[in-house]
Structures are given as structure tokens and as C-alpha cells.
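Both complexes below contain chain A, partnered by chain B and then by chain C.
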Partner chain A sequence: MPIREDVLVVGGGLAAATAALAARETGRSVRLVAHKKSTLRQASGLIDVLGYVDGDGPRADPYGAITDLPDDHPYRIVGEEGVRDGLRLFDDAVGDMYAGGHTDANALVPTYGGTVKPTARYPNSVAPGLASVEEDALFVGFESTTDFSAPVVADHVVAAGVPFEARGVTVPFPIRFRDDARATRFAKALDEDEAADDGRGVRRALAESVGEHLDGEERVGFPAMLGDDHDEEVREELADRLGVSVFEVPTGPPSLLGLKLEDRLFEALDEAGIRLSTGNPAVGYEADGDRIEAVYVDRKGKDVPYHAEQFVLATGGLVGKGIGSDRERVTEPVFDCHVPHPEDRYDWSESAAFGGHAFARFGVVPDEELRPTTASGEPEFANLRAAGGVVGGADVAREKSASGVSLATAAVAGGRAGEEA
Partner chain B sequence: MTETPSVLVIGGGSTGCGIVRDLAMRGLDVTLVEKGNLTHGTTGRMHGLLHSGGRYAVSDQPSARECIEENRVLRRIATHCVEMTGGLFVQRPEDDDEYFEQKLQGCRDCGIPAEVLSGDEAREMEPYLAKDVKRAIRVPDGAIDPFRLCVANAADAIDRGARVETHAEVVDVLVEDDEIVGVEVEHGEKAIGIGDGEPGTREKLYADYVVNATGAWAGQIGEMAGVEVAVRPSKGVMTIMNVRQVDTVVNRCRPKGDADIIVPHETTCILGTTDEEVEDPEDYPEEGWEVDLMIDTLSELVPMLSEARTIRSFWGVRPLYEPPGTGTVDPTDITRDFFLLDHADRDGLPGMASIVGGKLTTYRMMAEKISNHVCETLGVEADCRTAEEPLPGSSDFSVLREWMDEFGIRSPVGRRSAQRLGSRTDDVLGRWDGPNPVVCDCEAVTRAEIHDAIDHSGTDLNAVRIRTRSSMGNCQGAFCCHRMANELIHDHDELVVRDSLDELYQERWKGERHALWGEQLSQAMLKHMLHATTMNRDGDPAASDSVIDFAAFDAGEAAPAAAGGATGDDPDRAATDGGTEGENADS
Partner chain C sequence: MSDAENPSNPTPDEQTDFEPVQVFDDETEMDLRPGADNCYKCTTCDTTCPVAEVDDDFPGPKFQGPEQWRLKRKDDEDIDDSITSCSNCMRCDNACPSSVPLSQMHNTARGEYVDKQMDKLSREYLRNRLLSNYRIMAEIGSKVPRLTNFALNNSLVQKVNEKVLGITSERDFPEFAEQTFREWWHERGGAQVSSEEKKIAYFHGCYSNYNTPEVAKALVRVFEEFGYEIAVPRQRCSGTPMFANGMLDDAERAAEVNVSEFSDLIDEGYDVIASCTSCSMSLRQEYPELFEFHGTAEVSAHTYEAMEYLRIHEDLESEIEDASVEEQSFAYHAPCHARNQGLERQAVELFRELDGVNIEDVGDSCSGISGTYGWKDEKYDTSMKIGEEMFDHMEHAEGNVGMTECPTCSMQMEHGTGYDIKHPLQLLEEALV
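So, the complex of A and B:
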């Protein structure tokens, strides 16, 4: 029996999951085909919406900043309404795992690089660490963690002019692991309250060792490795023992906060009755005139067609390989949608490492319904829409808008796909 | 003369480092000044070929003989800097048979071991060679790490009492009574180098003799002294691949041409090169067609290169020189031999000699000849011992054992460390107290090695990089630049950490720009996302002059309304944008 749905979403990240949820809300049957693990594990787990416009910021009001963006920016296409709809879908999907929805204002979150960064939604464990909270903070790092240096983070946060004092201390983790043990290993030990080297429970041992360094601070921040399945419990126990609030600082890969978000999103897909096919790449399609009939997925060397009425392309940007390139061209590999780019590849980037690189904005050009368009501005296909990193026109890294662009475009693309299926 | 004669060497490349070691071993009072870090100029920008001499066996046999002789010396005194990969001169069907025979005969005439392999035999050694490769000559080419080599020379000189000042740029050559008596240097603004110089100050350094070992920059130093040194800088591109497509040095066997060599180097391969004269050794175009030429031409020898991933490209400038009046037009034809210009004989200005031309493989021999000249001029009688005494790290290879238990690090990591550190392994890893996690995963560099490099080269992370190879692998520092910087916090404040990180990050970016397509563009975007998106390093409020109104931002759900508790319509929420938000809102 052929595989057939009303809406087929191609991709496995934040945009794909949100597009599938948006389409499902319209009552249609929805399937998501994902190839590899999503890039969420590389992301911090924060949901940025918009923090800077052309280098100007941090902006406190992300919605007010939208109108300052260039006309071809995805936010200008979906409008404030689209952005809010994306966040609504996100809030519904993650429930009480995240905070930030009580206000339109951005929060400033200390990152593991020591900078503060504007973001719209943050995991609960991050909330007590916000830079606008006027409580002194002690940052704690572990001796063998090279990514996170507590003294660097604390001094850097202070250098940003935060309204509190901060110090950083480095302590040995109470269990001596191999020197290059990953964050996941620390998290597991805390999750299961394994025995520390001196026989005490590791949570107690950690709290006692950190407690010796507390000097009036009202909160203590750790790199985000405080447990996995039992993270709330770990944090509560540490807070109880220390007598102050405890927070996590989002980290780079492997990002536990990103992984937890990924797990939660896939649970939400399951709860919504969305079908999932994972592990195989989309390699091509079948079309009848300007309508796509099916997407082909390579399953063990065999092309298997997935039929649908409407399709959403959410394969990601350059990192997720939704956008590809060679020495001459930038391409969208599944449907070969048009991706504009400067002819000379030396114009794809700027000489300053953090310049306004053209490559950061590479992606398909959406019309007002988020359908990818040809070079002459016509929709590539009548029933294909794009969401997330594969959509061009936003410099999500400089703007701190990556998650927001994914959510907003997914809400609109998924919603329209559902309505028209 | 009652006092120990003093010599000042300008230039921290292979020649300068070789001279300073040689003279220090002969007991002279030597100072080396370098405007960047060691290997900052040409030495750090070459393909890392340890010549067998085969490349010069037809065109320049004296150079070929010197190469094979020094090739053997370096394998003895610098074991930890050399990887004896072996080399091939590969002939394609369209390449000239007669030249192949000349090459073979030339090698034999110069005492270079040379063996002819059939196409099949060559492909057995290097499976990715093109199917139609006709035959090859096998020679003892190798790979050499110029960074480690210079550092070892400088370290040994310092141990023997020499002074080495990096980030100290010569701003004037001091002439008194028609004689050169020293130089004036300007120490860099920040204390990032090694040496005793006070940052941001000028210092006059007097010496009995000055050696201008600045290569392509020799003309600029000459100008300060009022003498002409007509160096002809010639640029060449090198493109780094992500893996070792070949394990042997692969040369194209034809008279001359661009893009004719692949050198396996550590975890990568380096494609080279071009030869084009430039005006200014520090300001010349670096262009995409040069990178394309490397890939397209060398794909004729190793076809898989056309689809392979490159991680960056860089350019170097050869300090070519020929005596006035020679008039060679094509820089490819200019001799690779070196010249010692004694300005007393040549210009009637005693006190200084300039060294120009030459190549890395024969750096020690050049240093020896120059040191002989210096000693002769100063009336010092001392023999050169640099060909006999191993460089630090090279003396004892029993250290190459299993490091896993010894230092608590996984054995592949330990092996890589031991290869880099040689006999200093015990010293660096064994002395380290505390956890020793891996800082750079691509190149397997541990914290102990980073700290050893910081101890020797200061807060200049680019100097740490060249000592350790940290941030030089596939990810080009995406995952380790900030880790390297974090290690500085033990002895420096946070601003130093931040500045050092920014400098390293920008330096990495310079070369990455030449590899931005396909897999490496994807990698570059990931790096950009980690550093700009996740860490907000591009928008860092701490680095900005404007003051943030923290109260305008969300302070959490429990916070009072003033700190972000209100919803969207608060007109005072514009933060640091100085009102532009309001102005632009209606436009």
C-alpha cells in the first residue's frame, strides 16, 4: 500500500517539528521524514527570536525590532502574527519545561562564553540565572571541563555591566572520571546520584564542596550538565543543600538542553498523532506539472515514494545540509529550488570573522505563502513550502533569531499546508 | 676583546632561529628580535617539505647536494619535527620521458637514493594515484614541521643564554660613525610575546654585529640602514586538505610548473604551489583562481582531490634574490641558493650582513655559514656543533611508549602528544599536576601541552597554536579556540582571555575563507553558529560602549513588573539602541 498523507514534512529539526504540529492543528494527517539527528544537539536550547538588527542591540523588545529588518527578511513576510503563532506552538509543545512566555521582553542569559545574550524562551533551569535578576551569583566550573571556565564566565558577565556581583570558582567533580569525560557523563552521575569517590552521594558531595566557596551569593550557576531525566530533582536537591537558587548556563555541543528539547519535541509529535519516518534521506521527488506528487526517500538503496497533497521543506541550512554548495554554486539538494548567491565565491563571506557574511543568509527565496520561488519569482511548485534554516534572507547568527525564524516560518508554512491539503 | 662579543639577529624564521642557536652554542651573547611570533613570515607559510634534493636534481645540482646532506642531518637532530614519508616523482603519459631520465640521473649524480617504480608499483604505495600514471622515481623526501623546528632552535638558544624577543619590530637600524651598532625595536602593545621587553615601549639594542635574517623583508631593514637589498618576493599558494589523501610526498615529474606537489603533513595534505613575483611581501592579492589551480591541476595526479574537502588555504612569500645584473625574468628560474651580503664589503657599511634566498631544508647549513662569517668578523674562534647536537625533544626516542596509564590520557592522544613533544614528553606531561583533558580534539592536544606552550610563548594564542597544532585541524578551531583561551585565566585577567581569543579566531578565519564551499562551508557555518549564535561573541555587550538597561529585559516570572513583567506595549523598552528603534518603527 502506498504511503500517503495530507501533509508531508521533510526534515527533523525545530522547524520540521513545528511545521508538522502546525499542519496537524488543521486536522490533517501529517508525516515527518527525517534523515539524521537534528542539529538541536549543537544548539544551546535557548529560543532566540530577535536580539539585534544589523548589529544594533541587544534589543529588549523583539517584536518592535521586526519592522527594522529588511523587506526580504522572513519575519517581514510572516509578520509579527507569524512570529507569535510560532511561539504559541512552541509553548504548547514544551509545556512547563520552558519559561519566558510571561512577557514580550527578551531575557539576557549568561552563555558559557561569558557573554550575555538576548533570548525569548529559556529552559526553567536557566531562569534563576538571568542577567536582569539583581542577585549576586557564584559560577562553578569543574577542573576537567575545558569548555566552561567559571572565572572567565563570571568576570566576563561582570564586564557587561550586570546589576550584581559575580565570582567564579573551579572545583573537582566529586567523582574522578577519565580526563576528557563528556557532559553527558557528569549528568548521568548526578541523575542517578552515584557514589562519589569518598562514598557520599555525588549530589551531596558537590553541594558541600561548592558550599565552602559560597560567600553571600544568592545563586549558583553550573554548566548545563545538572542531570538528565531527573534534572529538576538534581537542581532542587543542590538548591536545598546550598540554601540558594541553582541555575544552568547553556553550553555548546553536546548540548544537554538541546537534546532535552529535541526529545520533548518528538514526544509532542507523537502526542499529536504525527507519523514519523526517520533514518533515511529524502533524495528526490516526482511532480506532475507544478505539483509535487511524492518525495522519494532512499531506504537501503531503494527509492521509496511518500505521497502527499502538500509538502513542507524543512531540511535546515548549511549546517543541516538543507543547503549545499560547490565551488561554483549554492543549491537546495532535494527539489533543486533556486538559491541566489553572488557569482564569485569570495563574495560569499566577509574578511572580518563576524562580518555580515552572505553565506549566513543563503537559502530559498519564499513568496508571501512561503513557497520557494524561481529566479523569476514564480513559485517553484504550487504545493511546496519552506520553513527554518532552508529559508534565506535572515542572518540568524548575528540577529540571534535562529529559533524564532524556524518557529515563525514553520507555523505559517505548516499551517497553510494543512489548510490547503 | 675582553667582553663576550654580542650579536643581534633580526628575524624569527628558520634562518634567524638557526643562527641564534648556532651562535649561542659557540658562546656568543646573542639576541633575536622578531616582529610577530616565531615563524611569522615565510617559515610558517610553506608546505613543510623536507627536500631530498630531487626537485633540484636537474636544474640546480649544488642545491640538490646540499639538500640531501641536510636531509640526513635533520633526520638525526630533529627527529620529532620530521616524518620520513618518502617521496615520488610521478610521470603521467603526457610528461616527457627524457626529463624523467634526466631526473633519475640527476638524483644519482647528487647522491640522492632514487629507485624507479612502475605505475602499478607506485599505485600500490599510493592507491589514489591516477590509473594512467606511467611510472615514478622514489626518493627520500619527507615532511617537516617548521613551527616545531624553529621553536626547538629558539628554546635551545634560550637555554644557552640567548635572549629572544617576539612581537618586537625593528623600527630603526642604528648607525654611528658610519658603522651599524644596533637596532631600535618597538615592543608590541600587549604583553603577548616572549622576552623581557616592556609592552608598548621602544628599546635600543646595541651589538657588535647585526644579522639581517628577515628574508622577504630584508629590503625594508636594508632601507633603514641606507643600503639596498633587492629581494624579489615571490608568492605561492598552499591549500590544506582535510585528510591525508596520500602518505608519500607526491611530485609531478616535469621541468617546472605550478601545482606540482602534495605533501602529507600531520593529519592533512598540503597542495602547492605557485610562483609569482609580488611588490610587497605583506600586501598582495590572495585569489580563488590560485586555489582552483591547485585542486584542478593536482587532480591529474590524484583524481579524488577534485571532490575532496579543503579546510583552508594560505600564501607564503619566498625571499628570492639574485646578484645585481643577473636579470632573470621568470621567478621560477631564480636560484634557490642563498646569499650572504656583507655590507662592509658591498656598501662600505660595517657591522651588518643580510641573508637572502635559501630554503628551509638547508636552514642549518645556512646558519652555520653565516655564523662562521660572524665569528670570523668578530675574531671568535669556535666550531659549529649544530649538526651533531640534537635539538631539544629529539634526543631520546624511548619516550614513545604507551602513555595511557602513565598520564591518564587515551593512547592515541598520548601517541600524538609524544610525536609532537619527542623527548620532552616526560617533561611536559609528567610534570602536569591535575586533570589533563583534551583541549583540541582534531589534533589531540591536551591541557598540559597548551600550558607548556603558554609558558614558552605567552598569551599569543597563535604562537600556542603553532607550537601545539591546536585549532589547526578539520574544525579550524570551532570547538577549541575558546577552550585554548580559557586556559589563560590561570595567570591573566578575563580581558586578556577575550582579546587573545578574538585574535586567534580572526587569524583562523583568514585562511578558512579560501575553502568556503561544500563540507567546509557547512563547517564554517557551524562554527559561526557556535561563536555568534550560541556564545553571542559578535554582539558581546561587554565589548560595546553602550550601557545596557538591564531593567528593560525579562527578569523572570517572579520578578516585579518593572523588570519585564509587563507585556508588549511598553514604549520605554528600547534598550541600548539610543532611540533608533522608535525612529525606525514607522519607516
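So, the complex of A and C:
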């Protein structure tokens, strides 16, 4: 008998990890099959649920806003209960690493670009920076991290109408690294409190150089590279030395906050006894009538079947390559599920860059228990469910709903898969 | 885009036959342009690179691959010599969300560097050539194993190796077995099981032939227990150390023999099984990326790591659940090359079900030795720095026996902790045979 589990989840991101946890909660054996390193390491680490509806927002109450969404939105299918269940699974998995669970309301987090983003859960290190806190803030950037300009961030934050004053300064990092040094290098230097170029400990040197710029601000924000394994210790030491609170601003890739979330979630999978196979892509399947028997994983030219009773497709959307497209059509490459789209590809997008693009909502069309359906509305397969970006109907970038859609659909799809396996 | 809105091809059908324009006049060379174009600079590869993590001067895989490839479009640009600091762990391949063929780009660049820029009389070249042709040394050394073992680990010889050749004196050379696996195989009269349906051709590689024949013997006994007929054809080095040192001509010669011998057996219904994850990696991925012998694709598609093959074709899990062994605890390390083949979890997941065994994964760091890399005098410190995290996790694990599939990872694990190191096949043999 070959490789077999009760539930097989295909994908490696937030939706796949959460679907696996949801299925495992039912007591079934679960395996997750992922192609590459998790895309979580490219994510901000923020868990957005719903911030805008059709360009209108930021909305304070993400749950209340669900009913304003179109009928085919994944949130309308899983309902508020599904969203709450997804967040419960997330909160259980990350434990006290994250904040935001104390309230239903959205928090407003200053981002790398200086915008203020509504989000439902955020790493602890982000918490002192919330835009709703009425404390003046000093943003600090480093000369060598050219993609984070603290003065620009501060100006943008102020322009967003926050209830405090903000200023930005750029200082040299106390250790001179190569010009294209990565965020992880800065984090490691702080983690291990390496010697600065002048011989002082780098934490002390940094605090002292930032201290010279403090002018009554009550908090200081850095790009999220304040340590890795010892991040809390780094932040506490900087805060102690500066005499104000210290927070992190989530960054783009390589994102330390995303990397830490990835590590934590995969630890949670391991703790739950979920099996993992990563490194090879799922490329096809074997079915008997309307039931999938196995998913084929391509190991460099040879297809290996992974058998299961129930399957969850969580391969991501257009960016994650769970949805593919060429000049003619839009497809779901593993099971070839139906993905509706306008025939003329010039109708796939709007002329305005930040408009309500059709392509943003491309994905499989789920039935009430998240089984992808055919053009005529029947389930493609009796035992296949979909979760995350591969599910159509949400414009997650515009709505600020990507993580929430992943969590909610994963909770429902994974849970049902487990119950029926 | 304007070219799409005003297509020069009038009908849509013709447009789907769109052929990319040849921009560069290097049609005879391997076309790595699509790979370079797929890179969107997310730097995931750089944050996964174990060398970049400990060596601030190493620019990382994104530079070594797509960026260097683009720089090379200018004829007068040399390959940057930092390419020799890449250890060929191939983690960047596994990391890239855009499927940029990073290790293929590194192998190609390194080959070109060695070919065109390296002084063939330099100590470094001679040393690297010697290290990558370990099999030839081993072949000679194993004729007189006791003498070789004595001589190689004589501290005077080690000092000479370091001074003259640049091979670190910090490491003890692995001992040669008194009887090679192939000698044992012939002495026992070859295959003891014959089968029409279940046939495997064993790629034992160099290390389990000359140094750890107990691993190769374990493979034979386990597969015969499952009823497989085993062939052990003529074979050369898989090429792994040669790729890592840019000795592509040597690798090509070895690969030609391997592909020819094993593809003949595939035609007779055999699958190819390796016990070393770098050997299986080489046959599977590097051969088709770098060579075009007849049969290369077949060998790639039919090659498996030993336990992987049993998981796919037998009910290994039930067999393990029904078995038991004496109480023992292992600190397991997944080799980088196992990761790219999707094999990094199988030993831990399987042996967790085996009665008597406690097994712990010591984390996802690289062991740092990367084949010949950690043997080089100037790379030794980098190698040990990379290994620190693994050593630390091994010491905190309950078991004080290490386990891994890769021969050089096992050298590093032993070197860093003093633990004995086993191959999963040896535990499989203990449980099932």
C-alpha cells in the first residue's frame, strides 16, 4: 500500500497550514504537500480580516462589514462563524506571539509605505506602534536600508490623519555591512548583540544614536528587523535604553515577521502530528467517477501518487500560482477546476491601477461546503474542497482580507474534510 | 501593452504560436534567460542560503544566479570568484517561489569560472580536482585499507595535506572498510532473490562502497526482504563533488558511464535506487540540467532514494508499526539535498511509529560540510559556523546517536558532536530483517 492519509492538503501557505490543523482537530491523519518554501516568508506577518468593502473604509468592525460584501464572496459562504473559527485556529497555533484577539475591532497598523492598515491580528512587536494610540512617534530608518525611508513613512502616517505627531530620521546602522545586506543580517547582529564598529554592543550603540534624535516622542518605530530568536530581549533593551516604547513596522520580503510566523505555524503542524512533504509540486490526480483517489506529485519527471479520502486544495491565487493564466484563458492547474472569467482578456483588468480588477477575484467557485463547482454549479468532485487564494470572489488586496479569507475558508474546508474522511 | 493591442500577427491563433525573439547571440549555449527573467528579487533564496548567513562577504544565490548571468551578457565580464564560496547545497532551488533554476545557474557559472579563469597549476585547482575525484583516491586507498587509514590520519600527513594541498588538518579522514561493498557483493554471489516484477539497480556511490559498506549491505538485505531482485552495475561517482568544484568535464565523463549502465537496466524493468541523497539528487536533477546523453531523462525519472521507493511501492508504514527494536534514541538531520527531493521528513515520520525508537529532528539548518567544501582549509571555519546550530540542537536532543542519509553530513555530525551516526537503512534493517 502506497502513501496514504485520511486528508491530504495541497499547498504551503497560511490556508494550507490552517486547513491541515482544522482537519487534524477531527482526529484524522493529515498530510500537507507543498512545492516550495512557504510564501509566508514573503508576507507582512499581519493577519487582516476585512478593512475595506468595495473601496470604502477603513471599516472598524470587520464582522459587521461581511454582510456588505457581494453574495459570491467567500465570507458570505462561510459566514461570520467561519471567520471566527479561522481566527480561533490561528490564535491557538500562534499562542502569545500575536495580539489583537482581545477585541473584534480592527487595529490600525502603520506600514512600510507609511499607510495605515486595518488588521485583526498583529505580532506583539507591532502593538506599541498602533495608529490609534495617542503617543507621538519617531520612525527610524537605516542609511543602508534604502527601501525604508523613515521621514517619508512619518509624513505619510501624519497625512493619514492619525491622532499624534510623527517624525522620521535616518541613522547609520552601528555596524557597517555590505551595501545590499539583508534584513536578516541586521536582525542577527541585534539578536547576538554583536560588536558595533566602535566596539560598543550594537544594541547600546543603536539606542544611543537614536536617543540623540528623540525630542519628546513617546515611542520609536524601526523596520521589522529587531532580532530573531531573541527579538523580545532586543526590543526590551532598546526600550530601556531609550526610555520609551519600541515597535516594529512590518516589511516586505525578506520579512522577518513572515519568517517567524512560518516557523511557528510549521511547528504547530508538527506538534499536531501532521505529516509534511515539501519540495515537489502537485501536478494532477487520479479519480474514480466523482471521487479523487490520489493526487500526483511530480518528483522530477515521475508522478508519485498520494492517496487520501478527502482533499483540500490550498495552492494560492494568481500570485501564488494556484491559479494560472495564458493569453486565452484562466485555469486551476492541479484539478482543472472551472475558473470563470471574461472571454476577452482586455476585460480582465480595469485601466486604473488600483481599480476593482476582475482578475483579482479569479478563482474556483465554491459551493456551500467549499467544493469547487463546474460551470453548471455541480461539485467538480465529491471529496475536494478549496481554501485560500485559489477560491474566487474576493478582491483581497483591495479589501485587506487575504489572511482572513485564508483562515476562514481553511477552517471550513479542512474541518469538513476531516469530518467526512 | 501596445504590441499586444496591435499585434503584427493578424489572427489570435497565430499569436499563440508566439516565438520569443532571440536577443543574445549565444544559441549554442544552454539558455538560462527564462530563469533569469523569472527572478523578481524577493530575496527568499538569499535568506535561505547557509553560506550567506555566516559569511558577510558572500553575495548570495540571487547574485550568483540571475544577476551574474545578466552581468555576463557583457563579453568582458569575468565570473566573480565568490562563486567558489557557494557550497552547492541547492537550498535556493527549494526556496525560490518562481522556480528560477538557481543551482543550474551556479553550476554553469562555476564550471565556466574553473574552465576559463582558474589557474590549472594552482594549489587550489589541484586540491579541488583531487577532492572531487575522491573515488579514484578511494579506489587506490581501499586496496590497502589499514595502511591508508593509518597514513591519512597520521598527524604529520595531515599537516602536510594542509600546508601543501590546503586540505584542513582539523578533520580525520573517514576510514576505509577492510572489504568494499562490491567485494562483499561478489563474494556472496550477487543477488539472492530473483523476481520478474520487482527489480532494482543499486547506485551505491563511492562512500557506501569504500567506507560504510554496512549501509549498502543494509539496503541489500532490506530490499531482498521485500522480494526485490537487485543488480549492482558498474558505476562511477555520481558527480556531486565535481559539480560543487566546477569540474564539469570530470562530471560528464562519470555521468556518461552511469547513464549508459543504468539506462540499459531501466530498459529491462529496473528502477534505480540510491542510498545517498546527494547521489539520487545528482542523477535526478543535475544530469538532465547539465547533460544530454541518450537515456539521461529515463535515468532521472526512474531514480529514487531507497526509503522513498519503499514508501511508494510497499506498505512500509504498516511494516514499521508491526515491528519493534531495542530502545534507542536518535538525533536526525535532514541533508539539504534530501530537502529538494521532498524527503526531509520521511525518516522522522516513519520511525516515530517504530516501537522502541525515539527520534527527533534537529532542525532545518545545513550541516555545513557540503561534501568537499568543509574539507578545504579556507572554508573549514565557515563550514563549522554553519554547523553550529545543528551541533547545538543535536546536543539538546534526547538521543546521542545521530542519523542522516548523507555521508558527508554524517562526517560533520560526528566531527561536531562525537556521536556515532547511523543511516536510516540500518535502522530499517534492524526493524524488518
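As a convention for this text, the second predicted complex is superposed on the first by the 420 of 421 C-alpha atoms of A that agree within 3 Å, B and C clash if a C-alpha of one lies under 4 Å from a C-alpha of the other, contacts with A are read in each partner's own complex, and residues count from 1 in each chain.
By definition in this document, a residue touches a chain if its C-beta (ideal position, glycine included) is under 8 Å from a C-beta of that chain, and two chains touch if they have at least 3 such contacts.
Here the structure is a predicted model, which means the values were calculated and not measured.
Enquirer: In the superposed arrangement, which partner chain does A:402 touch: chain B (first), chain C (second), both, or neither?
Expert: Only chain B; A:402 stays clear of chain C.
Enquirer: Of the two partners chain B and chain C, which one touches more residues belonging to chain A?
Expert: More residues of chain A are touched by B.
Enquirer: Quick check on the superposed pair: does A:178 touch chain B, chain C, both, or neither? Answer first, second, both or neither.
Expert: In the superposition, A:178 touches chain B and chain C alike.
Enquirer: Does the superposition put A:280 against chain B (first), chain C (second), both, or neither?
Expert: In the superposition, A:280 contacts chain C only.
Enquirer: With both complexes overlaid on chain A, does A:327 touch chain B (first), chain C (second), both or neither?
Expert: A:327 contacts both chain B and chain C.
Enquirer: Tell me which partner A:42 touches in the superposition: chain B (first), chain C (second), both or neither.
Expert: A:42 contacts both chain B and chain C.
Enquirer: Have a look at where A:375 lands relative to chain B and chain C in the superposition and call it first, second, both or neither.
Expert: neither
Enquirer: Both chain B and chain C touch chain A; at which residues?
Expert: Shared contact residues on chain A (touching chain B in one complex, chain C in the other): 42, 178, 180, 253, 321, 326-327.
Enquirer: Would you tell me which residues of chain A are touching chain B in their complex?
Expert: Against chain B, the touching part of chain A is residues 42-44, 48, 51-52, 55-61, 63-65, 67-68, 99-100, 102-108, 111-118, 127-128, 130-134, 143-149, 151-152, 155-157, 159-163, 172, 178-180, 250, 252-253, 317-319, 321, 324-327, 344-346, 348-349, 351-354, 357, 359-360, 396-398, 400, 402.
Enquirer: Of all residues in chain A, which touch chain C in the complex?
Expert: Interface residues on chain A, with respect to chain C: 1-3, 36-37, 39, 41-42, 177-178, 180-182, 184-185, 188, 253-254, 259, 270, 275-280, 297, 299-302, 304-305, 320-321, 326-328.
Enquirer: Would you pull the chain C residues touching chain A in the complex into a rising list?
Expert: Chain C residues touching chain A: 4, 12, 15-16, 42-44, 46-48, 52-53, 56-57, 59-60, 94-97, 99, 284-285, 288, 297, 300-302, 311-315, 317-318, 339-346, 349, 361.
Enquirer: Write out the stretch or stretches of chain B touching chain A in their complex.
Expert: That would be residues 287-288, 292, 408-410, 434-439, 446-447, 479-480, 482-483, 485-487, 489, 493-495, 497-498, 505-506, 508-510, 513, 516-518, 521-522, 524-526, 528-542, 547-557, 559, 563-568, 570, 573-577, 580-581, 584-585, 587 of chain B.
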